[in-house]
Amino acid sequence: QSKSGEIRIAHIYSKTGPLEAYGKQTQTGLMMGLNHATGGTMTVGGKKIVVIEKDDQGKPDLGKSLLAAAYSDDKADLAIGPTSSGVALALLPVAEEYRKILLVEPAVADSITGDKWNKYIFRTGRNSSQDAISNAVALDKPGTVIATLAQDYAFGRDGVKAFKDAIKTAKLVHEEYLPTNTTDFTAGAQRLIDKLKDQPGRKVIFIIWAGAGNPFKIADLDLKRYGIEIATGGNILPAMANYKNFPGMEGATYYYFGIPKNPVNEALVAEHYKQFKSPPDFFTAGGFSSAMAVVTALKKTNGDTKTDTLIKTMEGMSFETPKGTMTFRKEDHQAMQSMYHFKIKVDPAFPWGVPELVREIKPEEMNVPIRNKR
Amino acid sequence: MSEVLLKLEGVHTHIGAYHILHGVDLVVPKGQLTMLLGRNGAGKTTTLRTIMGLWHASQGRITLAGQDITARQTPDIATSGVAYVPESMGIFSDLSVRENLLLAARSARTLDDIDTTRLEWIFGLFPAMKKFWNHPAGKLSGGQKQMLAVSRAIVEPRQLLLIDEPSKGLAPAIIQNMIAAFRELKAAQTTILLVEQNFNFARQLGDSVAVMDDGRVVHSGSMAELAADESLQSKLLGLSLGAHQ
Amino acid sequence: MLQRLLSKDLPRSRWLAMLLLILVLGLAFAPFLFPGVKALNVAAKILIFVALVASFDLLLGYTGIVSFAHTMFFGIGAYGVAISLSSVEEASWSAIFIGVLAALLVSVLLSLLIGLFSLRVRAIFFAMITLAVASAFLTLASQLSEFTGGEDGLTFRVPELLSPGFMLREDPLVLPWAEVDLNGRLITYYLIFGSVLAIFLTLLRIVNSPFGRVLQAIRENDFRAEALGYRTVVYRTLSNVLSALFATLAGCLLALWLRYNGPDTSLSFEIMLDILLIVVIGGMGTLYGALIGSVLFVVAQSYLQDLLRLIGEATAGIPLLPALFTPDRWLLWLGLLFVLSVYYFPTGIVGKLRERAVLARLKELR
Amino acid sequence: MLETTDLTVRFGGHVAVNAVSCAFEPGTLTAIVGPNGAGKTTYFNLISGQIKATAGRVKLNGVDISARGAPARAQAGLGRAFQLTNLFPNLTVRENVRLAVQARAGAGLNLWRIWSDRRDLVVRADEVLEAVALSDKGDALASSLPHGDQRKLEVGILMALEPQVFMFDEPTAGMSVDEVPVILNLIRQLKADRTKTILLVEHKMDVVRELADRIIVLHNGELVADGEPEAVIASPVVQQAYLGINPEERDQEVAA
Amino acid sequence: MALVPLLALAALPAVGSPSTWLTLTVAGLAMGMIVFIIASGLTLVFGLMDVLNFGHGVFIALGAFVATTVLASMGSYTAADSLWLNLLALLPAMLVAMAVAGALGLVFERFIIRPVYGMHLKQILITMGGMIIGEEMIKVIWGPEQIPLPLPEAMRGAVLLGDAAVEKYRLVAVLVGTAVFAAMVWTLNRTKVGLLIRAGVQDREMVESLGYRIKRLFVGVFVAGSALAGLGGVMWGLYQQSVIPQMGAQVNVLIFIVIIIGGLGSTLGALIGALLVGLMANYTGFLVPKVALFSNIALMVAILLWRPQGVYPVTSR
């Protein structure tokens, strides 16, 4: 039904709104990825790839109407996005209604490929479980005592739950949830200290925090006097500026440009430096991966954009990304991917704390639960 | 005839789309008390506001001590020695009586800077000011507010006072005090332009008089002349003969 | 007849009457005049805002109460329908009905409470308290995730007749300029159109009743109104409750249209500001302003990015300008719209048109 | 009959009205005089319910209304015009009066009728405007009236309420001399009716002399004199504290 | 005034351990001081001038962003582990931030506020518009991303009082807050400025008729308020250690709550309001974290029920 000779891809993301900075990285990555995957031609199977940008402003209702308009008015063959999980959840039924693919990137909520899933949904981004499990793998050592600090809403609680489920040998002694708009962390820190200070062994506070507020300030309360360490996952580069204060901090991350060693990543980093004189960030890699997934599938169908054909092709499909090979799991269409156990090093050359690779955690090592019903 | 302090020549004023003053000509001699009389809606208040720069004349000329002030801003006019008591009194109801007076005493930084004899003089005229010194002015009775409004105008010496109906709401005893006060001010070379409805009050005080109607001055002359001529009064002011003591 | 329908509150300006007529007709035939999913969404949003803003105008423009809690009632309506429809297996009309009723009930209770509270504090404090209450309610809605779906909100199905799958006719209606699907969305649109029309006319009647006149008196001088024997408490509270009820209904319509509801969709402060701005652009205390303001604002909001893209492309190459004219900075221009509309329409568009009419009449008299 | 018993109000340490007991018969006009700040307006405020009394009661026709608020008292038949003009500034003059008429008719809570369908109310409002000589200004905004006309409107609103008790607080202050008779005539007509209770605060002694059947004097919040006009005016308290006729004392003040 | 110690004492038995209580109390008071600094500008603008400036946050954000630029250019001074060198970097950052915010305040007053003095509703809209424009302009200049604003080296970490730890930076905040408070109290009590502003809000014409240039005065006070907001932004940004363009909007509601609790127009009231908010957040955060979300709002509603005008009302609006 699309105009012949064109493959129309809608990219729905937060071009503006609170997640603007993230959304833009995805868009950059997407365009670089398409370019890379098509060898600079922007065509697959003789058809030109056209990207239609839509700004959801982080609003689910708006995202919904934009996706519908993209599928119907703009005749998009498939869509990529969005930035926020809330928007993503609202988009899922639209894909089903229009019977077209929505490739979710980088929204992380488990339920997207969990109970809210339908067969038109694929995801290249990592999900919360993958994040939490990889961190658990990184920290899970005998004799370690862990307390968690997370935001008090679904994202935080889900993350802690997945983390808890994945912990095997370490001991989890306390879960601290603070309101999302917390600015003064003294009270929470005090509760954490009270719970941890008399515990034996290595003591770690694992932080899952996204958005405003700076929970790392709790370190200013001189946690060292009780021998308490801080651990957290990866983040975008400006946020990792704080990590500079925590040399030796451990955790697991989704992506850091210096970690993966493969030609795709090298291409991404080189191209990004060329265009922006700075390294690619967290979400740039995601956008790039989604482009790789789409083009790989289209190449296989030789440019055929019929939804059923695409779904069949993509289920179980492996494709190269800056993070190495990813595979769409058949059951829930989640891309299985490596995560990276890191340790922070302070390098004056970088304004952020540099995560150094300790170990690549392969997809096989992570038992990511399947949560959807087919 | 003495020197002229304030002079209006052919002043027109518009409020929005309405044309209110239609060429007011008025002369206020220095050191005298000039009465501005007229029926409701004649334009007396508008005239005072136009002099004060609160509304601007669209045509005509206003001069104060020889200087053209037609286009000047209100604060400039005030600082050249003009005090204004508006019809609605303009009390700062949030502030205390003390604070109201402090603001009116422009040159004083604190109360100590205000001339105490002058304050005592005011307290003598209006004992309520002393009694309610630290009360919020908004809680004063109607007449007390009126007293405060007048007190503010006389807390420091000014060359010209523009006063809009000061007698309304005042008890007779206080009116007598006020008449005495205006006499004293006059003796100290203060020029006063007074709008008044109370003809009895006007008659006791006025040196010269101007009567307005429909946005124009329709009569001007000496007070004594008008006071003596009852038929002129009834013609200009609609005063029924002998209705007022 | 028309006179009575409009409660004898006529536009009082030829231009205004013409403008209103065009807008009403445009909205009535929007699905056929402006085909496409996006255009239909815009039209439906306009309609819902008309009801929402008109109900707010009753409070602000007529009663002189500044409340920031209006979106709260809007949200209650939307959540009422959303929760009710997502808790049943098969979406039914009775579920909608129950949802609407429950929402109305909650709104009445809450608005009564807030109304009674409003008597104790001054206007500006009341405004700030409602702001706080509204933000507390927003937080609550995102905290009670079992019930409300939390931050993620609720996605749900609507009865068959209203869903996009339902076809009145198999093939689309072919017009010279486009094809229009005759489906459940179209039916939903007209359901909303009808409801909004009814809400608007009811509000128009209320503000032109003796009651509405008392509200204006209270706005002008509540102390004096009391001295005349009007219990301002009763009037204010009633006005508060009524406006909450109509906002709730608007919220129900929103949920039906979106088949989704979340905290940001119906409860955010941003919507509250949009409402305020529309009231001011349109003209406070005129109701007709709600219609004109909504059309202008929602259209601007929806198409500003597209417009900026065009300008941005046109100015490419000139330094600095592209940085300002990118679609990314559309909010900048929206902010400017806020500022300019306060500057140039101090009495709103309706006010301005009426002033012109009065001036013209004055001139004729002379 | 309106009756106050030991009516008292205290603002902080200041007793503005101190145990005032007084009864007012229908058909009489009682003038209330006293120096500025004597408590006249406050006394009115206590009767009409604008402020709450610290102690004492107000009875109207034998019914104790002390616990009621201002609106309830207005509905019970206490009408009030204010000393400092108190109007609906951005409504038209006619609407100001019509609202009072509507209050009188008790039609305020009707949500469904169109207001202008109540012809009777509109007509009555026009009659009142006629009576206070404002008919030609019916469509002007109240705020644009000159001061004197605003005073007339203030009186007009009270007339429109048709209460049983009329309380005028310096109705003629700031009104031009040719307009005063219009208002005084209105008051005279009310008196002629013989069923209304009229209270009048007024500083113009000639007006008081002419209209009053009885004068009461408030001084520092207390009722200090009550009786026939001539007798009260001649009493020393009025002569000294109010009219200030005590040459010695004044000369001293002036000298100070 | 007794409210603050009262609240602190009431919390003691609930918290239990004295050292924890001390940590919480000191942190809460210091937090209150930071909040006071960011709210201090608003006491002038909203409390005294009665301008409902919803755009106040933009000056806060601007101050913080200017500070990132200034401090970034003085990296060696902030990285040095010497308090004096740190201060040498911080002082100019604060001054420049105040100057820039003040200058923007001048423009803001002229084009945004002046047409709407006395009209609350329009103030809300037009200042919201100004806020949006300001925030977008920040994005145009500094980009939409979060920018780190690291604390100068010597202000990191904590000092130990027995078992209780107090962050050094909070002590800095107490000093700055005290200075701001003293300066404001002195200016408002020793000069007629405060009176004039209050009078001007009630009746501009009358103040002008008394011979004061109210226009200039309002500009001056607005600029001062904006500059204070700029200072607050620097303090807040350093506290958060990073700045985002939305930070102004994030603190907006908080500071309005503080001013209202304090009673409009009172500097002391604002200080008390801020301290109460700071303490309350810490105590509830420790005792019942769920409730912490609503603690500010609950505090405001409770205070207004007790005193409908706030704690120390200066004006009776």
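The chains carry the letters A, B, C, D and E, assigned in the order they are written, with residues numbered from 1 in each.
By definition in this document, contacts are C-beta pairs under 8 Å (C-beta built on N, C-alpha and C of every residue); 3 or more make two chains touch, one makes a residue touch a chain.
What you are looking at is a predicted structure, and each value in this text was computed from that prediction instead of being measured.
Note on connectivity: the fewest steps through touching chains from chain A to chain D is 2. Common neighbours of chain B and chain D under the contact definition above are absent. Each chain gets a centre from the mean of its Cα atoms; the one farthest from the centre of chain E is D.
Between the chain pairs C-E and A-C, more C-beta pairs are in contact across C-E. Chain D and chain E have Cα centroids lying 49 Å from one another. Chain A and chain E have CA centres that are 36 Å apart. Distance between chain centres (mean CA atoms), chain C to chain D: 45 Å.
In terms of their C-alpha centroids, the spacing between chain A and chain B amounts to 76 Å. Contact with two or more other chains is made by residues 143, 329, 331 of chain C.
Residue positions of chain D with contacts to 2 or more other chains are absent. Residue positions 20, 152 of chain A are each in touch with at least two other chains. Every pair of chains meeting the contact definition is listed here: A-C, A-E, B-D, B-E, C-D, C-E. Put simply, chain E touches chain A in their complex at residues 17, 20, 23-24, 27-28, 31, 139, 143-148, 150, 156-158, 160, 165, 167, 169, 239-242, 244, 246-247, 250, 278, 281-286, 289-290, 292-293. Contact residues of chain C toward chain A in the complex are 36-38, 41, 142-143, 145, 150-153, 155, 164-165, 258-260, 262, 264-265, 305, 327-331. Listing the residues of chain A that touch chain E in their complex gives 18, 20-21, 24, 152, 176-179, 181-184, 186-188, 190-191, 194, 212-214, 216-217, 220-222, 225, 236, 238-239, 241-242, 244-245, 351. The touching residues of chain B, counted against chain E in their complex, run 52, 54, 73-75, 78-79, 83-84, 86, 90, 92-95, 99, 102-104, 106, 109, 136, 138, 152. Contact residues of chain D toward chain C in the complex are 48, 50, 69-72, 74-75, 80, 82, 86-91, 95, 98-100, 102-104, 107-116, 118, 157, 161.
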